[in-house]
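In what comes next, chain A is part of two complexes: it sits with chain B in the first one and with chain C in the second one.
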Partner chain A sequence: MMTGFARRLAGHLTRGLVMIWVVTTFTFVLIRLMPGDPVQVQIERNIAMGMPPDQAEAAAAVTYGFVPHGPMWKQYLEYMGGILRFDLGVSVESQGVPVADRVLGAMPWTVVLVLTGILVSFLIGVVLGVIAAIKRSTVVGHSLSIAGSLLHGVPPFVIGIILAALFTRQWRLFPSGGVYNADEVAPGLYFDFIGNVLYHAALPAAAYALATYGGWLLAMRSSVASVLGDDFLLAAELRGLTSLTRFRYLARNAILPLFTVLAISFGLVFGGSIFIERIFNYPGLGMLLFSSIGSRDYSMMSGAFLMITVAVIVANILADLLYSAIDPRVRRQA
Partner chain B sequence: MKRSVIAVATALSLVLTASACGDSKPQKGGGTYTTIDGNHAIDAQAPINPYAGKGNAFNGYNAIPLGFRKNHMTDHNQHYPAIAESWQVNADQSEITIKIQPNAKWSDGTDVTADDIQVSAAVAFTQGGGVFQVTPGTTGALGELTIVDKKTVKFTQAAGARNNTFLFSVLSLWVLPKSVWGPQLPADFWDKVKLGGSADPAKADAAKAARDEISALGKKLIAFGPAKDVTAGPFVLESVNASEAILVKNTHYFNASKIGPEKVRLRNYTGNEQIWNYLTAGELDSAPFTATPTNVVEQILKVNGSKQLKGLSHVSGALAFNQKFEPFNKVEVRRALAYLIDRAQATKVGSPDSGKAAETTHGMIQEAAKSWIGEAELAKLNQYNLDKAKAETLLTQAGMTKKDGKWMLANGQPFSFKIQAPNGFSDWIATGSNIAKQLTEAGIAVEVQTSADFAVYQKEMAEGKYAVGFWLIALGPSTYNAYARLYGAANGWTAFGGKLTHAAPGEKGNWIGSPETATIEGAGTVNPGELTYQLSQLPVDQAKDTILKLAKYTNDQVPMIQIWNYVNVQFINESRYTNWPEANCECLRLSHGVWMQLGYIQPK
Partner chain C sequence: MTITMVKAPAVSISGLTVAYKTDAGELPAVSQVDLELAAGTITGLVGESGSGKSTLALSLLGAVQKPGRVTAGSVVVDGIGDMAKLAGEELRTVRGAKIGYVFQAAQNSLNPLKTVGKQLLDLGKAHKVRDLKGLLRHAKDLLDRMGLNADRVLDAYQHELSGGMRQRVGIMFALVLNAHVLVLDEPTTALDMITQANILQIVRDVHKEQGLTTLVVTHDVGVVAEVAHKIAVMYGGRIVEHGPVTQVLAEPRHPYTRGLIHAIPRLTGDISAAKALPGTPPTLGTIPKQGCVFRERCALRMEVCETVEPPAQRMLDGRTVACHAVKEGAA
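This part shows the complex of A and B:
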């Protein structure tokens, strides 16, 4: 007999698999309906780079063999069969290179960038949100709220452009692009390499964090403000509990709603951040997806969208399970 | 909690500071030369393969052909020696004997020999293109490859229809090591090539099977690459990650003493903006050509040591007409528009730094036209200088009338149209907007419309959906290539097996839709497709008369209006390296790895 948890998990997984299938099918059809021919795109790009037309055609001709052909239903069955064998196909733009290899190659950089950005923005937003709520009738509280609102309304790419202009061109404190300087360090788990990676990720992650911390701040402020009025806090004060203890009671209850959003945000990590990656030439999944759309790399697009879909759905499931783990009221209800 | 937050922040700052300081190590010997490979973005997962779309074999660095084509004004067969030390061509250009560099070695220390060239040609056949095509009847294909001795190879063109790009195509062959690529080919590969190219009807099925096998092998080989780079070029690939490739000097390279830098760092890019960012941050020693807006040029030139190198570019930007759409089927209308457009103004807006207004329309860049047909003949062509009165006369001859300052078609409808441009091509969009403004002021309602991206633009243009759009022409130095952009497949003419055919407008990719012939003063009745095809057969020194006729035809019939000729603008930084190529060097369009092979780029 299944326990409650097992039943919930089975339900989530079933719904998740159905959603993955629906989204995969939808994106498969949509991608193949896109106008444009990857071979012609490559020919004209080669010509624009100075290649003579016949050389350009020759260089692009072999690409034709990697473009999926045949009736769409047949392509769909082949694609779904491949997914079941964990085979996402081969890239058209980078002929013959497995899609999975390209996705897995870009993924670590997206994870570094966006995960760092999310965590930093979450921490800053939560801490500042608590301060803004506690001091909500003071100048400090108002200033924090206004700053958070303003930055929240600014698109991430605008912040990225400003940071890039200031810190890579005006003051040259950070590199303008790349993931690490391969001339200085080789990959490995040691101080120099990790430092180099963090150095290159600092500015794009800062852009991401600055663009998103405002949302966490406002949400946390609102949540704290609502919990501050609860009776259990007054009771804690009357019982003579220390301010630190009362703060822990407050924070734990106020942060609950944000955890769900945070968990879902982690799922969106795999979508990358196209604008920030483009501005900082940071080769994550966002740039990979952007490049594959421009060159009509159908297999690559399908593979990237599948990865993002699975990540978001898994994150949703984990968020749901996490919430019931940290909130005893939800556990009791279940 | 407060203390631990401060501790983490401090640690992070220390890490970042240490790394930042660690990034600026002093240059050792020749140092590390940082640039961009303009041919493609970097893909860390791609194989070390010059045929792969994003292969980690970089032209001029660790990918080297027999010869590098010079950016010569008129002769597409002029090359710098690479792995080929010299070559001899027989009288009818059907046979090329190539002598390999006597000291050419692979990076593993073994000699480059004729066997390597044979394997390289075999791989080229699997990829197709140029003279390495197996399809029977292909014009100018390679018929036979003969190993004369260890350092000499003879290439013989197949009997039948010839092509004067044979030498150019052979010298473009990527030279690959037999030790790596030989085992990938079946033992009977050349038999398959011979069978696949057979036109004997009795062997038709076997020939098709052989071609299918070669094609399947081609798909396999394009994804192949060795685990470790083996190259005869000046640099060897040391490592590649998602954002850059590092190449180290190949000590076995036959001209290693000429190579200045010890290492090359090729940084990734996926768009012009990223190259501009690198340049304005002072992070590149040089960058290949990009069409750069004036304000960005100013920022780049503010960087200490930055300089522009300007040279010849065999590319023109033109406004192209689809003559299936009225009234663009009328030559008077096309000429009238040429008289109405101030090309200098349009170029100043669209390509102020990387373009020069086209003097007139003749299908070539101006310098090439001067070299081919001379100043006197050029002066006889219609210059299409700004002339509103002439334009009005022509529009009236085309049956239009002017009402309240607006031109009306013969059917009473206003004369209006859209200029199509692809999203992301800022120079085309800016030029189009300026042209639209000029024509609107002249009484023709024009606006720019953008396609979602280049792929959509490409597809819809080929399908004949646009009345007016942008098209790159004058792609020299081969005049056949230049005029094929106007009178090739896009205009209905295709050549195969020595036979030229013409498809009607709207069929088989014919979106330009010109008539097959026209009578031109001083040239008689001209079939531009036939003349263009002739250019592919004629030796370079016998092409002048044909080129003159094509120039006159293009100038008279105006299938497109040449708006601007591109200028090859590249940025260099003289802080760390010196001895750069001079402006208008015939090497300017080649990769900077080739510049190094020619002895340029030496450390300060």
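This part shows the complex of A and C:
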């Protein structure tokens, strides 16, 4: 029973490591081998500002985590070695601040945002999708399907801009930035602080939810419609099971295929956080990535890329766990 | 295990018409059917695909599915009442507890995400069974008697059971609450010959042991020959012939029954004599609105068949036949 899961976990981890390797190699190529090599640029700029060449090179080595000197494969190995020790260098922009600290500091806020956004979107979409399917030949069903397709396909950032304009400028109902108000609450696991964090995450999360609930609605509607045609529900009816029990049978079977999509959507939303966080001035990983791109802070950029990759891998593993927890056909593979 | 010897109830269907809403209007799939399931008997309902067998079987549980509905007639089960009029909680509690329905083996009549045992508990709770342990014991007993490893089956998911095992689990679900009317829709379709014979043996045994009134729906006359006391032949939504199995099979009177039986060499024993019935059965839209529904394929077609629907005539040997060409006394 456990071996099936262990085998899939091993698969996830292997794929994850390959993904991390590809992403980090890609960033190495980006910072070292692309024209306009940012490492070289930094060294030259420091020399131009009057720094002796060897000192300028040492500064670059601290920034990027490898000595930009000698054969390229040696530099690459040194860079990869640093990543294995989670030494991601220091920020180019704000000298002396380790990239790992910034990235790890920003990470939780993006997780809060993405999780709330997806959860709210998923719940709304699934509940409305069930109603749309069960009442599919009524006005309610038709209106829900239209409501589902309406915002479906509008990019989250467009909805984000509208929400930000309406609720932070026009009516100042929500904060215009930040992850919590440091004047009002101190960090800790208590009601006021969590409330404050959610208050700050509400608008950007709502932007995700509005942009994506329609997808869940339509997916759930078609899934419910197909399960409704299954014999086992008629069989349950003919056995005299209560409508509540039959609804449970229906819901659990219909929601199952949506969990695989959930994992993919987690990755997409995480990657898409760059726009949303920028719009709402929300200092998470996306914002960090955005500002590091703006200031050509390559060490910060590669750190953020790495973190996003790790988050997507973890999301995949969690989704798989969830999936196998509710599908016995996966759990009990022969 | 206490065998409660409640007398099996009789089921009498009269004037039953069930129609489905289609683009061409509401069309009857079962039309003016009169059929008596005598208490304690096994009746085999045969007919080609689309003749309305499942629709009729579902109406025994008041469960005709949308867009269909009972437009006329009644299905009266002794001690319960007219199934066509029952609704709500009353209808729900009768299903499963008083009348059991068994799906075709290949169909998935179990929730794929729950073990058989868990679904058995759902059944017990839905019918307010207080003694759930007793229910479990009864289920195990039934499964044992049907030759299954009860503990293993109760702990299994649907995908871990073979077609024949699923079928037996289906029968267990239909009987575990001591229902006395059992409806089996295509109980052996899609099963291999050995499993098929096995299941039919089981049907016969539980029918006798539990004291049931049973309806077996099938398109296979051989199945009826094997298990049933009575046979009802359905064509285009009508019962065209109904009577004791041995007599009807030995000497079919309705031309359709004859065609059906002659199409099967293993019943007549003469392969060269076996010939398929010419033509194809009608569908909802092509069932004639007046006259005999079988006339298009009938060798005995007469003038009167075009306009007058043949009434069911009771023969001297107790069977009923609906055919203008069949006269009492003539064979």
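Heads up, the rule we're going with is that the second predicted complex is superposed on the first by the 253 of 334 C-alpha atoms of A that agree within 3 Å, B and C clash if a C-alpha of one lies under 4 Å from a C-alpha of the other, contacts with A are read in each partner's own complex, and residues count from 1 in each chain.
Assume contacts are C-beta pairs under 8 Å (C-beta built on N, C-alpha and C of every residue); 3 or more make two chains touch, one makes a residue touch a chain.
Computed from a prediction, not measured in an experiment: that's the story for all the values here.
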Report for A:G4: first if it touches chain B alone, second if chain C alone, otherwise both or neither.
neither
Contacts of A:G240 with chain B and chain C, given as first, second, both or neither
second
Can A:I326 be said to touch chain B (first), chain C (second), both, or neither?
second
Thinking of the overlay built on chain A, is A:G81 touched by chain B (first), by chain C (second), by both, or by neither?
neither
Identify the partner contact of A:F290: answer first if only chain B is touched, second if only chain C is, both if each is, neither if none is.
first
Considering only the touch criterion stated at the top, classify A:N253 as touching first (chain B), second (chain C), both, or neither.
second
More chain A residues in contact [chain B versus chain C]:
B
Applying the touch criterion given at the start, work out whether A:F232 contacts chain B, chain C, both or neither, answering first, second, both or neither.
second
Chain C residues touching chain A - in the complex, by the definition given at the top:
61, 63, 65, 92-97, 101, 103, 107-115, 122-123, 125-127, 157-160, 170, 173-174
Which chain A residues qualify as touching chain B in the complex?
34-38, 40-42, 44-45, 47-50, 52-55, 57-59, 61-63, 65-66, 90, 93-98, 101-102, 105-106, 109, 164, 168-169, 172-184, 186-187, 191-192, 194-196, 198-199, 202, 278-279, 281-283, 287, 290-291, 293-296
Show which residues of chain A lie in contact with chain C when the two form their complex.
230-232, 234-242, 245, 249, 252-253, 256, 326-329, 332
Interfacial residue positions of chain B with respect to chain A in the complex:
12, 15-16, 18-20, 22-23, 25, 32, 38-39, 41, 43-47, 51-54, 76, 127-130, 165, 168-169, 172, 215, 218-220, 222-223, 239-246, 263, 265, 267-271, 273-274, 277-278, 280-283, 289, 299, 313-315, 452-456, 458-460, 462, 472, 475, 478, 481, 484-485, 488, 589
